[in-house]
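In what follows, chain A forms one complex with chain B and a second complex with chain C.
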Partner chain A sequence: MTTEQRTFAVLVDNEPGVLARVVGLFAGRGYNISSLTVTEVDHELGLSRITLETSGTPIVLEHVKNLLQRLVPVHSVADLTSFGPSVRRELALLKVSGVDKNRVESLRIADIFKAEVVDAGLEHFIFQIHGEPEHIDRFVDLMRQLGMVDISRTGVAAISRGPEVLLK
Partner chain B sequence: MTTEQRTFAVLVDNEPGVLARVVGLFAGRGYNISSLTVTEVDHELGLSRITLETSGTPIVLEHVKNLLQRLVPVHSVADLTSFGPSVRRELALLKVSGVDKNRVESLRIADIFKAEVVDAGLEHFIFQIHGEPEHIDRFVDLMRQLGMVDISRTGVAAISRGPEVLLK
Partner chain C sequence: MQSAQATNSEQQLLDEPRCGARIIIDCLQEQGVDVIFGYPGGAVLPLYDEIFKQNQIRHILVRHEQAAVHAAEGYARSTGKVGVVLVTSGPGATNAVTGLTDALMDSIPVVCLTGQVPSYMIGNDAFQEADTTGITRPCSKHNYLVDRVDQLSEKIHEAFDVARNGRPGPVVVDLPKDVQMAETRVYKSKEQVNRRSFQVVTQPAASGIEEAIEALSKAKRPIIYAGGGVINSGPQAAMALRQFAKMTGMPVTQTLMALGAFPASNEQFLGMLGMHGTYEANLAMYNCDVMLNIGARFDDRITGKLDEFSPNSTKIHCDIDPSSINKSVMVDIPVIGDAGEILNALIAAWKSGSHSLDATAMKKWWAQIDAWRSRDCLAFNQPSGEAEIRPQHAIKRLNEALKGKDYYISTEVGQHQMWAAQYLDFEEPNRWLTSGGLGTMGYGLPAAVGAQIAHPESLCIDVAGEASILMNIQELSTVMQYRLPVKVFILNNQWMGMVRQWQELLHGERYSESYTDSLPNFVKLAEAFGGKGIRITKESELDQAIADMMAYDGPVVVDCCVVRNENCFPMIPSGKPHYDMILNDEDKAAKPIEGAGRNMV
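Here is the complex of A and B:
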């Protein structure tokens, strides 16, 4: 059976242990989370929104959705993929060390990928890049070859296109 | 005792359940995680980097660091704060519904905050913004008053300024 990728938006109570339960649900079954981000949505109501990307067969994905919906602190689960196209964005910071040719080449590539230099020394740059996660993947692959020594990526923020309100 | 904020970078084996153990360590003790992001650092070596922001008294923070260091799949823990200034960046997507004055005002504010429109309809915009998390906080506060109906934030990516390599 083919493996599909899904993006779920999960509205949860913002209380200690919620993240541990959601993550544990996946870990306990050996299901994979390729990206997970958390946002406080409403401080007064104490609500947070977890955006997570996972992949699996359609049956596994349906199972995951049902399990999430049954977790106690979960208010609602929306499958972003089912709402048509969505906006997916990620940000990354990369530290690249190098001299001479590699240094020049890293700046050239950064320019093409619209990455920005946010810190520079005589033998290093820190680049900031944002865009679709696949765009960042390609940039990271190239920077690995040019002396990348540290990286921090945020994971994916996602929101459905169009006026719908997913989570209430 | 005063509460301080810390940013930790944690190098871990990229295996199922690692995230659950790290998050569980905090949840079990009622310690707070204000932001958590995960990056695959090296696919061949199977290493990931968890960047997490937490706050507490100096004693609690020292305790957290020790607990993290003793977790089995953890290779190393670096306190980014102790390396001097670091680059901290986050990205957010916001859906704002509105007509007339609110609609015009939301565009005006977005312009000031250097947020970008990534989707638009007759009664909604999707804005993308990135920068320091405090910059995003201020933008979100304003957009809440102008009809924000959905939000997804990534959490903080962070890297030390200067040429040091934190995690080996």
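Here is the complex of A and C:
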């Protein structure tokens, strides 16, 4: 069976251990998480939103969704990939260091990718780039060849397109 | 300051502050708990102090924390109530892990209170500290570390809700000692606790019921495959199962977990299915055209080889846990809800639609089933008199002696467990207590303790093997302390019988470490714990020994020495489909196990 990539959004009670439960569910079954973000989204109600990306066969992915839904602190789970179009965004910080012509080249590429310089010195730049993760991947590939020495990515945040709210 | 006042005014405040330990006891009393199975230690002393000061809740002192959980499971299974466990931090909690996993696998409602080192010492490698919530996260339905005394009542009540509702399971509440000792005026009653994120669907969707009835009413070879969900739903579900089977005339098979939901004596009952199930049940599953799975989960012991599992049937799967649907077997009609509610809905829909099955087709189907039945797959040969006792015969005679009695049977795990499942008859739910999912040796004796505590006047028998019983033999001391008339009926073949059987079938008869040398003298052992011991070796002694065991007003250990190399048949070897059963020893030679099946457990 073919392996598919999915983005799940999970609304959970912001309580100790909730992330461990979600991550443990994947780890204990040998499923891989390719991206994970989590932050409180409603302080009043104490709710956090987890966005995670994983891959597997359709059956495994359906099972993952049901297992997530079964966790006690989980309010709802949405499969943003199969439901319909969604917006996926990520932010990355890249440190490029060097003194040669690659330094200038990296600035030009950054300009093309609409990356922003957030720190600069005589021997380095730090670029901030955001957009779809695939867009960042392409930028990172180029920067790697131009002296990238460090990188930090946030992981994907995603939300469904259109007026409907998937997570309640 | 203002917000704190606002919160306080919403909560019901006690007139006088109480310590956390007292709050916990108050919660347990409010939940209707009448017994706790536990073992004290440093981190739970405040709780034990509060137990000492009251009379409503009885504490049963076990001899090992694993046994505390199994006893609570035995109590829960035989009553339908939540079993409650109290253990200390560190080793107390880690010892409970096997029991918790057992309860998780078999969906048994248990609340396990664990002591913890004071909250300000957590993470310091304090004496008897363990990361209890970390360790128990994958082996509990849910767990809590309560770090503020104000939250105690809410968390305890919530723990009971979670354990009991939906698919039941074990819930751990970790209680730091300083939280038990801190005082609070905050007490939430159980009505005030409602977790928004944990909402269980019990009523089935009308569309699912319609589809199910549509498929069932057109069936020519239907079968009902009932599981532990019918027991968990309560006695009413078992009654509904009987009613639905009666009104439709469908054959019924049950999993190991469900025995008793449908009466063994009913003509429509085909016996247990699965690896050691009956020939007729497994072949009916293979050949059926519509399967109604109610409260079972297509366990690997049931399905055998997955791609050949009931290949031509429309499968209806009724389960309260959506994650059970399409987990291993793809089904055609999923119905989410409580087993009892679903059965009631099916009954109502069958009635209102005035459905009946095709009589000719059903006659043919039953004739086929009767032909399979005539193979008499549970037959064995027992010479009488001086002859050695066959284990199957011992169980069969025990079953005869049990007729008309009020009894609860627990088992350990292995061959004796399967023989008990095959040869003992259960007419009612909640009478059969066995470790199915996890397969925990050492389960039976403490489970019998839990059942006996709940039903002091009933006959509680642990059908055991000589290897399993040694895993929690210390509980004979608990049995004596509370003067429990628990009976232990050991089928002693000196082997870890099921291990030996698999070594014979799959590992070239190399019996690696499956023989127990230096077994104890079980009679003296029973006597050492203050009970009665009986040892028998001959068929002629069997009935008398069973009668003596039942007549004795106190604990008895029967060491029933049986034929040593008996195999448990029928058997679907792992990785084989339902039609490929080994029925007896002659059959065995013709069907060597090879290939992928050897990788399975």
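By our rule, the second predicted complex is superposed on the first by the 168 of 168 C-alpha atoms of A that agree within 3 Å, B and C clash if a C-alpha of one lies under 4 Å from a C-alpha of the other, contacts with A are read in each partner's own complex, and residues count from 1 in each chain.
Assume contacts are C-beta pairs under 8 Å (C-beta built on N, C-alpha and C of every residue); 3 or more make two chains touch, one makes a residue touch a chain.
Predicted, not measured: the structure shown is a model, and the values here were computed from it.
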First (chain B), second (chain C), both or neither touched by A:Val117: neither
Touching partner for A:Ser152 - first (chain B), second (chain C), both, neither: first
Partner chain(s) touched by A:Pro16 [first = chain B, second = chain C, both, neither]: both
Contacts of A:His63 with chain B and chain C, given as first, second, both or neither: second
First (chain B), second (chain C), both or neither touched by A:Val74: second
Contacts of A:Gly24 with chain B and chain C, given as first, second, both or neither: both
Common interface residues of chain A - those touching chain B in one complex and chain C in the other: 16-17, 20, 24, 28
Chain C to chain A touching residues, read off their complex: 133-134, 137-138, 141-143, 145, 162, 195-198, 321-323, 325-327, 330
For the chain B and chain A complex, residues of the former touching the latter: 9, 16-17, 19-20, 23-24, 26-28, 30, 32-33, 35-39, 41, 49, 51, 87, 89-95, 97, 118-119, 121, 123-124, 126, 128, 130, 149-163, 165-167
Chain A - residues contacting chain C, complex: 12-13, 16-17, 20-21, 24, 28, 59, 62-63, 66-67, 69-75
